[in-house]
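Each in structure tokens, the structures are laid out below.
Both of the next two complexes hold chain A, though its partner changes from chain B to chain C.
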Partner chain A sequence: MRLAWKELIRRPARFLSTGGALTLIVVLLLLLGGLLDGLTLSATGAYGAQTADLLVYTDEANGSLFRSRIDPDVRAQLEDVEGVHTVSGIGAVLLPARIAGSPDPTDVAVFGYEAPNAQVPAPPAGGEAYVDRTLADAGLALGEIFAVGPAAVELRAKDWVDDTSFLAQAGVWADGATWREVLAANRPDAVLPDGTWQALLVEAEGDVDAGELASRIEAATPGLDPQTRAQAILGLPGVEAQQGTFTNIIVMTFVIAGLVVALFFALLTLERVGLFGVLKAIGTSSRTLAGGLVVQAVAIAVGAFVVGGLVTIGLTPVVPPDVPIELVPRRAIVTALGLVVTALIGSAVSFRRIVRIDPASAVGGS
Partner chain B sequence: MLLALSEIRRGKLRFGLLTGAVGLLVFLILFLQTLTGALLGFFTGALEHQSAQILVYGEDARRNPESSRVTVETVDAVAQVDGVATAAAFSENTLSVDAGGADLFDTTIFGYELDGPGEPTTLSQGRLPRADGEAVASAIDAGSGFGLGDVVTVVPGKQELTIVGLADDLRFSVQPTLFVSYETFERTVLATNPDAQAVLPSMVAVRVDAGVETAAVANEITDRVEGVDAVTREGAVSSLPGVSAVRSSFQVLLFLAGFVVLLVTGIFFSILTVQKTQALTLLRAVGASAGYLLRNLLLQVLLVTLGGIGVAAGLLALAASVSTPDFPIDADPGLILATGSATLVLALAASIASIRRVRRLDPAGATTRMAGGGLA
Partner chain C sequence: MPALDMTDVRKVYGSGHTEVVALDHASLTVADDEMVALVGPSGSGKTTLLSIVGGLLAPSEGAVRVGPHEITTYDRKELTTFRREFVGFVFQGANLVPFLSAKENLLVVADIAGRTGKQAEQRATLLLEELGLGDRMGNTPGELSGGERQRVAIGRALMNEPELVLFDEPTSALDTKLGEQVMELIRAEVKERGTAAIIVTHDTRMTHFADRTVEISDGRLAA
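Take a look at the complex of A and B:
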């Protein structure tokens, strides 16, 4: 093992090519993952922020907030279901917003809601709204009035909230009455009367399982479609397809990384056949030599990850602004672990050649 | 040339690994391009393949049909602008549709004035709607209950629509898409919400007079009519939300993947040439010309790259054969040829360092070596 380390330290140039190729693959992997996370977060942030166990739509809405409507009598039935702790209403409308000083309008998702969640406090006073921090990039300042929709309903930005975007539009969170006012003024086809919400957020009592509660709700209130938060997120348009497609591409890129490691270690092993013969002749086992190879592969993978990570962080500011890249630590950890495993598998391709090296070749070799 | 082939035969593992790596990288590039094309087509098909030459949005809508609303007065005002032949309301909404299967479909419905601007232009079967309650559907969804003669139901509201025509490349927002008369659209949307007060048009669809420039008329509409943003059909397609993000994202990924091909191929042949320096020098000393050695090197680059392209084409064909009808992946020979040619150029460019090293070999160097070297 020490020999492998010393070779890495004394002759880094020998491993530069493998490291360089792997570094680029790391950049590719991190950008792919960042793109997936950016797309997912911008589409699902508002749902991810919810603390409720279930999001309940009407079954005819097919998992869409905009097509669902739950009237007060149905809500009352739902509240009576055993295991339901609290029920609160939620609704949304996608609209353009005009921010003073900004030449172009900005797309926002205006939410009406009743209960606080992990990111948004309890509803503000009428005419006010909590606003997603991404709107600061569009020029919005706290306390400022901005206008939403073609009818230009005015709202005052009360405070920032984080990660509450919905379908790639910045979240704006208002109380029910203000939201209904926005809806009526801008979307006369989507108006809802007082007490009616697009969907309901349900918190389960104590240790009642969310899945079990969903079954009880379905049985007690036909026509409702209770979904766990994870189901609701995956049910948003395009999210599941996006995750499936990107995951396949990422897996394929890991396979390419494995092939690259295997390729270069095959070349490096070939270059050192004579040296390995001598080492075997003086008593070094095949296992020790293979172990050295593994150490080198893992070290190169880790080095490539560090350099690739830094390059990716450096590249992010110059990526076109309409590419929604979000670098999150969890993705980086998964990429690092995946790369190490891939490097291990790739380096194993050369084990057979090491085992086949005949110590006697050290005597007759050139 | 036999030398190049013999070396590949004796080094199956390393040449096989390189071919595999290049193959997967080229497949990644092909797959990303195919995916981009299919995704963009599914995002934008309905707007791209309708007859209006200009679409007029509300000025704050950022050219997003979902966000845009215009008034009936706006439709009339647009019709008065010089160069406008016909202007009519054109609306879009996404609704739940029961197409007879176990699940409901999120379906985009467009409403247009029959015989007016906004009708589908890629009808492949059946006919366009002639009456209320009739619809043209995206042909790709025919097998999902949107086939010719099928009756689908918009829920809630229980509005039935009969499919009387199928049109190619008509999807919108990657969903099944229906084109119906404007009256049918209004009735259907109102039926989904008993509290709805009115259905405002999403856009104005415009046909221009013969011989006038479409872009100029669009500019004239934006200037003359208050509160609107008029754009040509092509402009509307490229301005749709997500289109430019998808295009830019995939361009970044394609660039990186191409760069990895360049690097992997270049480094492989550089290392191989360095490892063979002694053997190559000896060959030069016994009379092999630099041209002969270069031809061998280039043959290997060519074979490895062509092998990789073959692997990639095979994988794409496999992906095409297992792709689902609602998201078909096409193994387009033109795309494979173009990408393959570009890869070949990249691979040859990548081998420049090796070519220079071979050209600089000094046959006299063989006399200073203890042994001729060579690879086992």
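Take a look at the complex of A and C:
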């Protein structure tokens, strides 16, 4: 192992080509992952911010907030289900907003809600709204009034909230009455009476399992479709397809990284057959030689991740602002681990060749 | 107990029409401080004999005992340990690790045996000084002459105080004068330590450095 490490330090040039290729792959992986996370966040941030265990739609809504409506009687039935701790209403409408000083309208998702979540505090006073920070880019300032929808319902920006976009539109969070006013003025066909919400957020009691509670709700209140937060997020239009597509591209990129490592170490092993033969002849085990290969592969992968990570961080500011790249630590950790595992598998391809090197080949050669 | 006791060893490659007998009922005994030169033409079986004695190759028949080690009964793992602990090899053309210094090339042997530390460092330094390489310890093989490389290889072979040292054509890449110097050095080092040695060579001018010369022809040994 020490021998492998010394070779890496003293002959860095011979590992440069593979290290360089892996660095570019790391940049690609981080940018792809960042893009996926950014797109997912902009589509699902409002759901991701919820702390409730279940999001309950009506059956016929088929997982769409806009097609669902739950009246107070059904809500009362739901509240009586064993294991339900709290129930709160939520609804949304997608509208254009006019911001002073901005020539073009900005698309927003106006939410009406009853209970605070991880990102948004308890509902503000009537006529006010918590607004997603992305609206600052559109020129909105705190305390400023902006007009929502064709009917230009005025709302005052009370405070910023982060990561609450919905279907790539900035989240605007108002109390139930204000939201109903916005609906009535701009979407008279979709207006809801007091007490009726598009969906309900349900928190389970104590350690009641969310899946178990969903089954109980389905049994007690036919016509409702309770979904876990993860199910609700995947049910949003395009999210599952988007995640599937990006995940496949990322997995393929990892496969290419593995092939790069495998090919490089296969060639390197071929080049070192003579040296490995001598080392085996003087008593080095195949296991030690293979261990050296692993040390080199992992070191190259880690080095490539560090350099690639720095390059990606350096590149992010020059990415156009309308490309939603989100660099998150979890993605970086997954990429680093994936790369190390890929390097291990790639280097393992040469193990068989190492085992087959005959120590007797060291004798009698020139 | 002799350093080497090889009895009735046969080594056959292939089978049927393609069968080649590389060693044919060869028996050889080397005393524990004896230096034996093994001479013979190309293809006579020198390399096969050296490989079998060094635990690199298994014989088809016969028994090989190195000191107390009956190596013909050893499996691959035991042979690796045997080579690491009890035999020293000097290969044709030195075969040093190119990116390590002379001293580190010696320390590789201690490293793979798990004997790193100050003691190994001191032994490597002492050996290189004895071999006249005190001021070349930090040089890599590329920075050393052919004779110096071969001396480093001798140091590597002696690093773990082996019971038997096997030399494979140690002077083939050197001119006569340098070859004689290396042979003198080999004799001095081996005799000083009371270690047994077998030197495979086709250069009969070098055989007088050995205590005894054994000839091999068509896989058969003749004293």
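Simple rule for what comes next: the second predicted complex is superposed on the first by the 360 of 366 C-alpha atoms of A that agree within 3 Å, B and C clash if a C-alpha of one lies under 4 Å from a C-alpha of the other, contacts with A are read in each partner's own complex, and residues count from 1 in each chain.
Here, a residue touches a chain if its C-beta (ideal position, glycine included) is under 8 Å from a C-beta of that chain, and two chains touch if they have at least 3 such contacts.
What you see is a predicted model, and the numbers here were worked out from it, not measured in a lab.
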Broader residue contact with chain A after superposition on the shared chain, chain B or chain C: B
First (chain B), second (chain C), both or neither touched by A:S285: second
First, second, both or neither for A:P329, with chain B first and chain C second: neither
First, second, both or neither for A:G206, with chain B first and chain C second: neither
Partner chain(s) touched by A:V260 [first = chain B, second = chain C, both, neither]: first
Chain B versus chain C as contact partner of A:L3, first or second or both or neither: second
Partner chain(s) touched by A:A168 [first = chain B, second = chain C, both, neither]: first
Intersection of the chain A residues that touch chain B with those that touch chain C: 366
Chain A residues within the chain C interface of the complex: 2-3, 6-7, 10-11, 274-275, 278-285, 288, 358-360, 362-366
Chain A partner contacts - residues on chain C that touch it in the complex: 47, 50-51, 54, 56-57, 77, 80-85, 89, 91-93, 95, 97-100, 104, 108-109, 111-113, 156, 168, 172-173
Contacting residues of chain A [partner chain B, same complex]: 17-18, 20-21, 24-25, 27-28, 31-32, 35, 58, 60-62, 64, 66-67, 69, 94-96, 98, 104-105, 107, 149-150, 168, 184, 186-193, 196, 237-238, 241, 245, 249, 252-253, 255-256, 259-260, 262-264, 266-267, 270-271, 273, 319-320, 322-324, 349, 366
Complex contact set, residues of chain B against chain A: 13-14, 17-18, 20-21, 24-25, 27-28, 31-32, 35, 58, 60-62, 64, 66-67, 69, 94-96, 103-106, 155-156, 173-175, 189-190, 192-193, 195-200, 227, 241-242, 244-245, 248-249, 252-253, 256-257, 259-260, 263-264, 267-268, 270-272, 275, 327, 370-371, 373, 375-376
